[in-house]
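Down below are the structures I want you to see.
Below are two complexes that have chain A in common, paired first with chain B and then with chain C.
Right, the complex of A and B next:
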């Protein structure tokens, strides 16, 4: 497998200005992130709100210009492309936003929204446009008769399906899902995750899932990258990162999943301000194992398959092994099964634990 | 849709009724006796005064006067001007085209300046173009119309001699002369409205530009120009259209000061003259006609709003 998307030392700071417009500092949204996404792989970027994961997702598509560092898509440096070439490239990379109520233009019918990229990138001849729109709608589980309707006539889950159909329209190679299900009801989440999983499998999509919900992540992701205050702290195959987390932060996140059975204490305190992130290891203010070294030296992300950025990753006590699938994840799995129609009703869920 | 329209018209009628009472009631509070003014030289003669009062039904109780007036209005008769002995409806029909022309020209100027300036300042937010547009808008809002009018007369008529300083030539008489007599007042009125439109367009555009569907449009690979025009502007204009209709209604109600400065014989001048002469039927007729125009325009605004906002279209 070759890397379809490669990020190297990407930095994005947003200037903060005072009332007089003077530069008063910067939000360190993304601070030196390197990542590679292989063709056909599903990478999840996880972390708390404000850790920079959405910014990172947008930088990947160059919807936001990074301050420094490079983003290569299919071996091509996106920064080197002319605006016209970049627009043409967008055919291959699409995004699904979190809020399905904001991401669809209220003055465009479903058909118009889906057909726009088709026309723009001349994906199909005009004559076949309607057929392609109908096919895409069917693909995401909506009836093609809905093509002429307006976005406001649909529920959140249906709108997100429309957004997915729109993202698929140009046959992209890479799709970024920026919290694609977190705005939806839990039961609808399961349906949309199923849909995404099927699409990823059937269309052999490369997918970057930006999410704070580990329950969602573990059902979709091949690999997981954990972000904290603009930096990656751990990255590796999903079963390793979620099953045997090595970084204290990841451990705390995994322990916070409903139903988790570990001895890791829950995280205390708030995330420090990204305007003035802590020195050294950014997690030291909340880490139970922090030492003088953590305050002074920034740990590097080290390790081949399963990398971690912690000075003491090797010497930390082993986390209590989690039983295979637990709590929120299990419940979600059952809901998923239910909506596939091959599992017993999720009613009476109390009896499984 | 038709049910909605009927219901909407049903709401208009009580509004107009209450308004007619207000108009009638308020002018009773105006100081000065119309009979005295009309009697002129003979104001000392009680017999003449009594005769005038009887003729104008001023000696009847107020509610009787009102019922007489409103009854006639309902049959389309707005009464006679006491002073110039002309049917009020005739006066209104004479002045309305003047004010309508002025309002239309002002509105075109306002839209041509205000909307592009609003778009520009939203797209170039926090850049010199934005600052310039905001400064001009602030100037437009805070400059009194009569002062700007006088300055324009001084510059374009007195100094340069390009345009007539006052007066009015109807469109049907001489098209270019008509434009020449109205362009300055239209500009004066238009700049004020342009500033309001600019501020609202800017705010609506900023909101639209920060929406995910605009981000989506960019991610689709659309040119920035298309993103702004096709996605952001089409959504941003929804509230601006409503505001525009209301502003147009205000222009149609006549611009008292501007019409005075340029001596344009429109609604504004008509009503000022009528008030000073205690010409009650004219005041009542003009105010009622203005209110009717306003109410109709807000109905048009609602219809436009429905036409461009798919969210309101069904049901």
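Right, the complex of A and C next:
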């Protein structure tokens, strides 16, 4: 597989100013991240707030200009593109945000919101616009008759479907989803996760999922990259990173997943400030295995398929197994089978659902 | 069985709006016991938060509450406002999702814990501050004496929630209601706060009501569970029983929809449709329009919460659900 998107040594610091406007340090949002996303792959970037995952997602689309390092899309350095060429390139790269209430213009009907990118990128002739809008709405599971309605008339889940339809309008190759289901209720979240998975498969999309929720990541991602304070600490196939995590931080994240029912004691303390990140391995202040070497030397991300940035990755004890606490066995699985058919209620009360 | 700390029975609640009554809770019942965690779980709009506000007496003027909620045998519904105020903090306390909006930015963490102590106990300023520092130590704030002199904005989100817990527990309440206490926090900090609540509950014997949308949190921390849907109780059971043998179709769907639960790579068992509009709820069982097991009778009347196994209640005409699977189950 060839890389559709390639990041090399990306650095992005945001200056912090004091009350008098003087420069008082910088937030080290992204600090030397290299990553490749293969065509058709779903890569998840995970981590806690302030780890830099959202900044990294925006740097990928050059919505944020990196301080240094390169971002290549389909072999082309995005930094070398003129503003006009970048705009044209954006047709291939779209983003879906967390908040479906904030990302749609309340003064645009659904049809207008979806038609905007169609016109901007001249995807279809004007005469075919309405048909394309209807097709996109069907694609995301909404009725085309709703095209003339306004965003406020829809629920959160439906609004996120509209945002997805808008992102799909220009036939992109790459979509970044920044916490795309985090604001939704569990049952609606499951609908949108299923929809995203279908779209990724049917349209052969390359997808970068930025998320703090390892449960969602586990369901969608082929590969997972774990960030801590601006750096990658672990990266590899999803089943390895989440099933047999090697970095102490990833292990703590997996153990802290609600429903994990591991008896591992929770990680102590808070994430340190990204304005003054710890020396050496940035995780050393919270790591049970940290030594003098960890305080002094920055570990490199090493390993081919499953890479980890820890001086002691080879000598750490085996991770604690997760027990599937939420599983109710075969009875539950069979009962849940009735919910997978997407069938409406057998007594037909569709108007209420 | 010892008497429950809180006994809620047939609690209904509506809001008067434009001359009409919007019903939010329709006759819910549950009990919270000393030293145990009762989780109330459901999606937005199911009424889980408003139920706790009704118990605390924190509802706006246009709310109309009927039914009963007894704290240590004492009826809370209809209690005069000043009597209720005396109970809040002393006998029952509540913590919320966003500690920053619950804390006063103009006072230090220690002053705010001390104030809670001084309101309900006769302590002078110095003694109250000392007790506050001890309380902050109890909620495991490192370097508590220094942190007590800091303002909320100088503390992390997890630390602020610890301060809120310290305020809530300052006067040893019998009941602590925690409404999505960790939803705004990172997952590693969430784990710390929930472990702290577990420890404090064991040490103090406080009854904890944990309101959450996260079944994973319920599985890890609850003794008993109430599942709510559209203003009614759908299912109620010991936590272990609820996860092992859910008896309401909504619980089955919710468990399947939780991404942490399903099999990787498989479609999630999503519940189609959306939560009903409470201005015009469906007749009969409110989950029927989304339920794959619905029969004609489900549209006819609210199904009663019936005991389907010892201590396990389900408001579903089709329960026990084994019948859905045929003889093989």
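As a convention for this text, the second predicted complex is superposed on the first by the 318 of 353 C-alpha atoms of A that agree within 3 Å, B and C clash if a C-alpha of one lies under 4 Å from a C-alpha of the other, contacts with A are read in each partner's own complex, and residues count from 1 in each chain.
Going forward, a contact is a pair of C-beta atoms (placed from the backbone, for glycine too) under 8 Å apart; a residue touches a chain by one contact, two chains touch by 3 or more.
Here the structure is a predicted model, which is why all the values come from computation and not from measurement.
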If we overlay the two complexes on their shared chain A, which of chain B and chain C does A:48 touch? Say first, second, both or neither. second
Is A:166 in contact with chain B, with chain C, with both, or with neither (first, second, both, neither)? first
Under the stated touch criterion, which partner chain does A:284 make contact with: chain B (first), chain C (second), both, or neither? neither
Between chain B and chain C, whom does A:106 touch in the aligned arrangement: first, second, both, or neither? first
Residues of chain A touched by chain B versus by chain C: which partner has the larger set? C
Touching A:246 in the superposition: chain B (first), chain C (second), both, neither? neither
With both complexes overlaid on chain A, does A:152 touch chain B (first), chain C (second), both or neither? first
Looking at the overlay, what does A:12 touch: chain B (first), chain C (second), both, or neither? neither
Chain A positions within both the chain B interface and the chain C interface are none
Looking at the complex, which residues from chain B come into contact with chain A? 126, 211-213, 215-223, 231, 234-235, 308-311, 313-314
Residues of chain A that touch chain B when the two form their complex: 21, 61, 63, 86-91, 93-95, 97-99, 102-107, 109, 116-117, 120-121, 150, 152-153, 163, 166, 170
Once bound in the complex, which stretches of chain C touch chain A? 43-44, 142, 156-159, 186-192, 195, 213-217, 219-220, 243-246, 249, 252-262, 264-265, 267-276, 280-282, 288-296, 298-299, 321-322, 324-325, 329
Residue ranges of chain A in contact with chain C within the complex: 48-49, 155, 157-158, 185-191, 193-194, 197, 212-216, 218-219, 238-239, 252-253, 255-261, 265-271, 324-329, 331-332, 334-347, 349-353
